[in-house]
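Next come two complexes built around chain A: one with chain B, the other with chain C.
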Partner chain A sequence: MSNLNNQMVNKYRNDFLKEVEANVEEGDWVKMCMQCGVCAGSCPMGPYWDHPPQEIFMMIRAGKREEVLSSTSMWMCTSCYNCIARCPRELPITHIMHGLAHYGKRLGIAPKNQPTLKFSQKFWENLMTNGRVNELKLGITLYFIDGFVQGIKNALAASGIGLGMFKAKRLDPMEILGGHSVKDKSGLKAMIKKAQEIEEARISGNQ
Partner chain B sequence: MADELLMGAYICKGCGIGDRLDCGRLETTATRDGKAKFAKSHDFLCSAEGVAMIQADIDAGETNHLIIGACSRRAKVEAFNFQNVTLSRANLREGVIWVRPDTDDARETTQEMADDYIRMACAESKFMKLPKGSGEQPLNKNILVVGGGITGMTAAIEASKAGYPAFIIEKSGQLGGVMAQLNKRVATKSPYAEPEDTTVDALIAAVEADSKITVHLNATVTKTSGAPGRFSVDISTESGATTNLSIGAIVQASGMKQYDANQLTEFAYDKSDNVVTQLELEAMAKAANGGPIKRKDGKEVNSVVFVQCAGQRSDKEGHLPYCSGFCCTASIKQAMYFKDQNPGVDTVIMYDDLRTPGAGGEDFYRSGQKKGVIFTKSSVSTIDASGADLTINFHDKILNEDQSMSADLVVLATGQVPNSGPDPYAVPMELEDDASAEDKQAAADAHEVAIGVDSILNLDYRQGTDLPHLKHGFTDSHFICFPYETRRTGIYSAGPVRRPMDSMQASVDATGAAMKAILEIESAAKGAAAHPRSGDLSFPSFRIEGCTQCKRCTVECPFGAINEDAKGYPQYNESRCRRCGTCMGACPVRVISFENYSVDSIGQQIKNVDIPEEFDEKPRILVLACENDAYPALDMAAQNKLEYSAFARIVPVRCLGSVNTIWLTDALNSGYDGVILMGCQKGDDYQCHFVKGSEMAHYRMSKIADTLKTLNLEEERVATYEVAITDVERTAQLINDMAETVEKIGMSPFKF
Partner chain C sequence: MAKEYSYYPGCSSQKGASGSNLQRSLNSVLDVLDIKLNDIPDWNCCSASIGYSGGGELPRLALSARNIALSEKHNPGQEIVASCAACWLATRETKERLEHSEAMRSGAEEALKEAHLEISKEMPKVRHMTEVLIEDIGFEGMKEKVVKPLEGIKIAGYVGCQTNRPFGINGESFENPMYLDKMVEAMGAESIPTYEKKVACCGGALAFSEPQKSQALVKGIIEAAYDNGADMIVTPCPVCQMNVEIYQDQINATYGTKFHIPVTYYSTLMAVAYGKNAKEAALDGQVIKAKKLEDIANK
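Let's turn to the complex of A and B:
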């Protein structure tokens, strides 16, 4: 368990709802849920979740910290915004789901092998290299995300598409050699670093 | 009005009647068969010109009994509104031409239908008298209000504002009732976010300052006799002093009491002082006076759990089956007591279905959530009070798992029990001999429970001391159609004695009941019915020489209007009567009648229908239709151009309860092939305007099989239905079904 996670456990003891309210994006909305279940019924990914948003909110109130933060459920959200559009209490459910996922990740207790989480991490690393997404590299990374042999198989299976995209000038093979970047790469990195510092300070201010 | 019977028949040719029917022949029918003095046709009878023609005849003394053959009696009532004459309407439009096809084949039977309706209207007219009103009671503006809670006080203030003196009878030593025990009330004003002052003190001050309101504290009603407009009420105080009041109408606002939480042993109410009811928490909050709320042992409450629906909405023995409707918002309010004082107090509301009625209910709920009150959808199984703190064992219904939680204090939302008097019908007045032993036992058990309570009104009525109940001990008043009305005319119930409700609803109720009481007072003074036959001046009378003192009328009257004198003869109290005619239907010797509605006024209509010979293949189907629901439904069927058999003859009746079996016997004897009775829904969810009329009719008709057997007729020839006003297609279908049945089983052999 990460150090930060331990600190948070000690700080909030049993009151997970208060922890969520203080640390999770839009977390102070959680208490306003009235358990109607419209979000759960509206979610197109509903059948694939362990816990729909309605249940997640109830679990937060019931103090089920580990279960919520290490749940794969929030990672299943595709940001379709159906739940936000329909929630009679106007909770920003999509944002809360992302906030919870993010918080679990920060504490180091998010589910390790959740594909969305893995993809998000790869995406972020790819993006941070040049300040732009290198689609060729991202694609190849994703082919090999499940091991080398599977990667080769994936690559061969998609070779037709790759060739088509190349012919249509939608794919530049030269991107493999580093690719293009934003104009002020170091400026961007400094900005991101500063943002991370501010967020760290906010969390530690809570400690 | 001259006593001489001068019948004048008017036939309207408008709305296509003239095109479809031979109006000349109808005139002849009216004068020759119906014995009308004259008959006239008019192209447009409800026009100013047509009405003026009729009025001129009345003014000239040509007629005092009008027969109008035009549209339904429910149409053009403003136009055909003449003073000091009786009026019979033959329904030629909705009853004939609109339900029959305009074809050559149908012309003959359609004309016969119209002829019969003219004969029927003439027969009715012959046996109608103009009702005069009894003048039995003067204008008595006094309103008695039983109960001095917010309902009673509001009713008294509203009555006083309208100029009617009110007398509040309060059993305890002070006004205010349950509301006075509260710390604060649920928000009543936008933005519905904070608990508010109860305003009881202001209400008490207003009552005490009002010169038109007299308050009797520590007093009960020991006897109520008489009728609306002339109630004589004895008020007795604890000391034994008795005052007699002369009263016009009564509002019963006897309120509610808390459900007895001692029955909830699973919640350890009987074992721990830290398990309290909502009312007990109100007292604790009052005692805290804005400071931290403390338990009985002096400990400040840091965590509190509210258990909703404690002993409510449950099928368990001894529990309340209903939702009391106020407890969810009350618990939210009480959780706010804690949160407003110290946001650090944990407040959890364990609910099954959270119900927050009223305009601001949802906002108040939201406000509670914003303040940090936790809501958990769960069912509490047990509360363990063995430790220092309480342990609440519950099943989380969202997460579907059993959990437990500890708390300093548990508040039970136990709900309301009405303060009704004993139900006069707890035991059926006369159990049939063939009733099963089980039924008799059940009735006896119910009676045990019901007589356990003190009478509130002590009515000196033949039919019991108090207002009849419907379900769960609440006084009976139709919650949609006739709120506040009870089954005792001139006595109105308001507040939680009528149905479960919160204080805002109780205030609204009080106002409504006060207005109803005023209406009754004014109507009684005129000798008119207040409700539902508003303004009806007719009232039942009986021929004493024919009466066999069988008491059927006094038993069956749904409104307890009829007492018995020393010799056992019925004693009518005109202003208690609602003019339904159930007594008339009940009377086996047919001595009861109204001036304009009697065994003859309907019976002669039935007899004056032309019955063709058996081999004409023209059956006759008598339809006795309740004028409140079934008859309008039939009119609507006509408006929708639904067709039904040309052999049906429809007679509207005030209530199916007024149907005397002699009408059926006569009809079958004189050759009708089928009889249909259409009344309203009966039972607990009744739609009958006269509560029990339809039920009585169904009961009587269940015995008609004997009559049919003696006549050697098939049972299918008589059918009784419960019909709603919306059963437009069904009413027409029922008639057609009967026509089909008659075709199948053949014509009646009784055609002469």
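Let's turn to the complex of A and C:
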């Protein structure tokens, strides 16, 4: 368990709601939930969630810290905004789900080997390299994310798609050699570094 | 005189990327409508809705803030327009978050300083390309330019999620927006206003990380189009377009279906109706060929 996680456990002891309000994106909205269940019924990935948003919000109030932060549930969110559009209390549910997922990961207690966590992380790293996303590189890293053998299997399974996209000029192999990038890479990196520092200071300042 | 906008093209529009045919067909359409897009110089990726794991909150907002700052600097006085739903959403959400939260605003400003950039108090409006077409050109205006009406083609208008939620197009409902159908009709094709899966989710970025779950959603979207007698599907979203078009073989293999339905952008449709050739309309960018549109384009 990470250091930060221990610190947070000690600091908030019995008040997980307070911890969420202080540290999770849009977390101060959680208490507004009236448990109507509309979000749970509107979610396209509903069948695959261990706990739909409604339940997650209830569990936060009930102090089920580990269960929430290490749940795979939030990682099932496709960002379709259906829940937000329908919630009678206007909770920014999508963002809270992303925020909880990110917070669990920051504390080192997010589920291991969750595919969307890995993809989301790869996406960010790919972006950070050049300031723009290189779909082909992203795709290739992804095929090999589970290790070499599984990577080959994945690549074979998707090869029909790659070929079709290639013929339609929508995947450019030259991209692999360099591809798109911003010019002011150093400015972009310095900006992100600063933003990360501010965010870290905010969260550890809450210790 | 041409209408001018500050344009945020986004990664998926780059040459060699999956959505590059949106850009190509759009250029043909905007040419006819006398709309000029000024690219935001040195724009960066906005991290869409999937960068949250690595990005967190402020770093993610900073990305879009940089694009807004660059737009203000190089294209002053111009509204920002995006054609990718996720780009539009990320940029508009950032503007609103920075307007509503002092803490986020001052954090973003401090981060931007590192890149020698700043945002003004009143950031420019952030609009989706379809908003521009509907509000600034209008359905009548779009229709006026049609030289080859798309007669005899029945089209399921698949709006998807992020073009529609949480912002959507002014005056339209979240549950059954009509604008895409009206655009289809304006081009002389037959629309399906009751298409059940119009605003259903295709799985978005989870198409990569959770392919089976996402493909189950796509299956429903395609099935409903066939049930309504559609010849093809049309969408404004690059992620929807890709997800619904390219996995059809895999879905057929899994479910024993026989899907083979073209999925194009609204801009491809419009380009053909405006008399552009197959290449200008980016019909060569289809993985599943849009035969009926090709026939009209080649006429």
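Methods note: the second predicted complex is superposed on the first by the 205 of 207 C-alpha atoms of A that agree within 3 Å, B and C clash if a C-alpha of one lies under 4 Å from a C-alpha of the other, contacts with A are read in each partner's own complex, and residues count from 1 in each chain.
By definition in this document, a residue touches a chain if its C-beta (ideal position, glycine included) is under 8 Å from a C-beta of that chain, and two chains touch if they have at least 3 such contacts.
Owing to the predicted nature of the structure, the values given are computational and were not obtained by experimental measurement.
Per the definitions stated earlier, placing chain B and chain C onto a shared chain A by superposition produces no clash, and the two fit side by side. Panel annotation: after superposition on the shared chain A, the angle at the CA centre of chain A between chain B and chain C (CA centres) reads 80 degrees, nearest 10. When both complexes are overlaid on chain A, the residue A:Lys31 reaches chain B alone and has no touch with chain C. Of the two partner chains, chain C is the only one touched by A:Ile84; chain B is not.
Legend: residue contacts after superposition of the two complexes on their common chain; A:Leu17 is shown touching chain B, with no touch to chain C. Contact with chain C, but none with chain B, is seen for A:Val133 once the two complexes are overlaid on the shared chain.
Taking chain A as the reference, the larger set of touched residues comes from C, when chain B and chain C are compared. Using the contact criterion defined above for the overlaid structures, shared-chain residue A:Arg65 touches neither chain B nor chain C, since it reaches no partner. Once the two complexes are overlaid on the shared chain, A:Gln54 sits against chain B while remaining clear of chain C.
The gap separating chain B from chain C in the superposed three-chain model is 19 Å, by closest C-alpha atoms.
Overlap of the chain B and chain C interfaces on chain A comprises no residues. Within the complex formed with chain C, the chain A residues making contact are 25, 44-45, 48, 76, 78-82, 84-86, 94, 98-99, 101-102, 105-106, 115-121, 123-125, 127-128, 131-133, 135-136, 139, 142, 157, 160-161, 164-165, 167-172, 174-175, 179-180, 182-184, 187-188, 190-196, 198-199, 202. Of all residues in chain B, those touching chain A in their complex are 354, 365-366, 369-370, 372, 374-377, 396, 398-399, 403. Considering their complex, residues 17, 31-32, 34-35, 54-55, 58-59, 61-62, 64, 89 of chain A touch chain B. Within the complex, the chain C residues that touch chain A are 11-12, 14-21, 42-45, 47-59, 61-63, 66, 103, 107-108, 110-117, 161-162, 165-166, 174, 200-201, 203-206, 208-210, 213-214, 217, 246-247, 249-250, 284-287.
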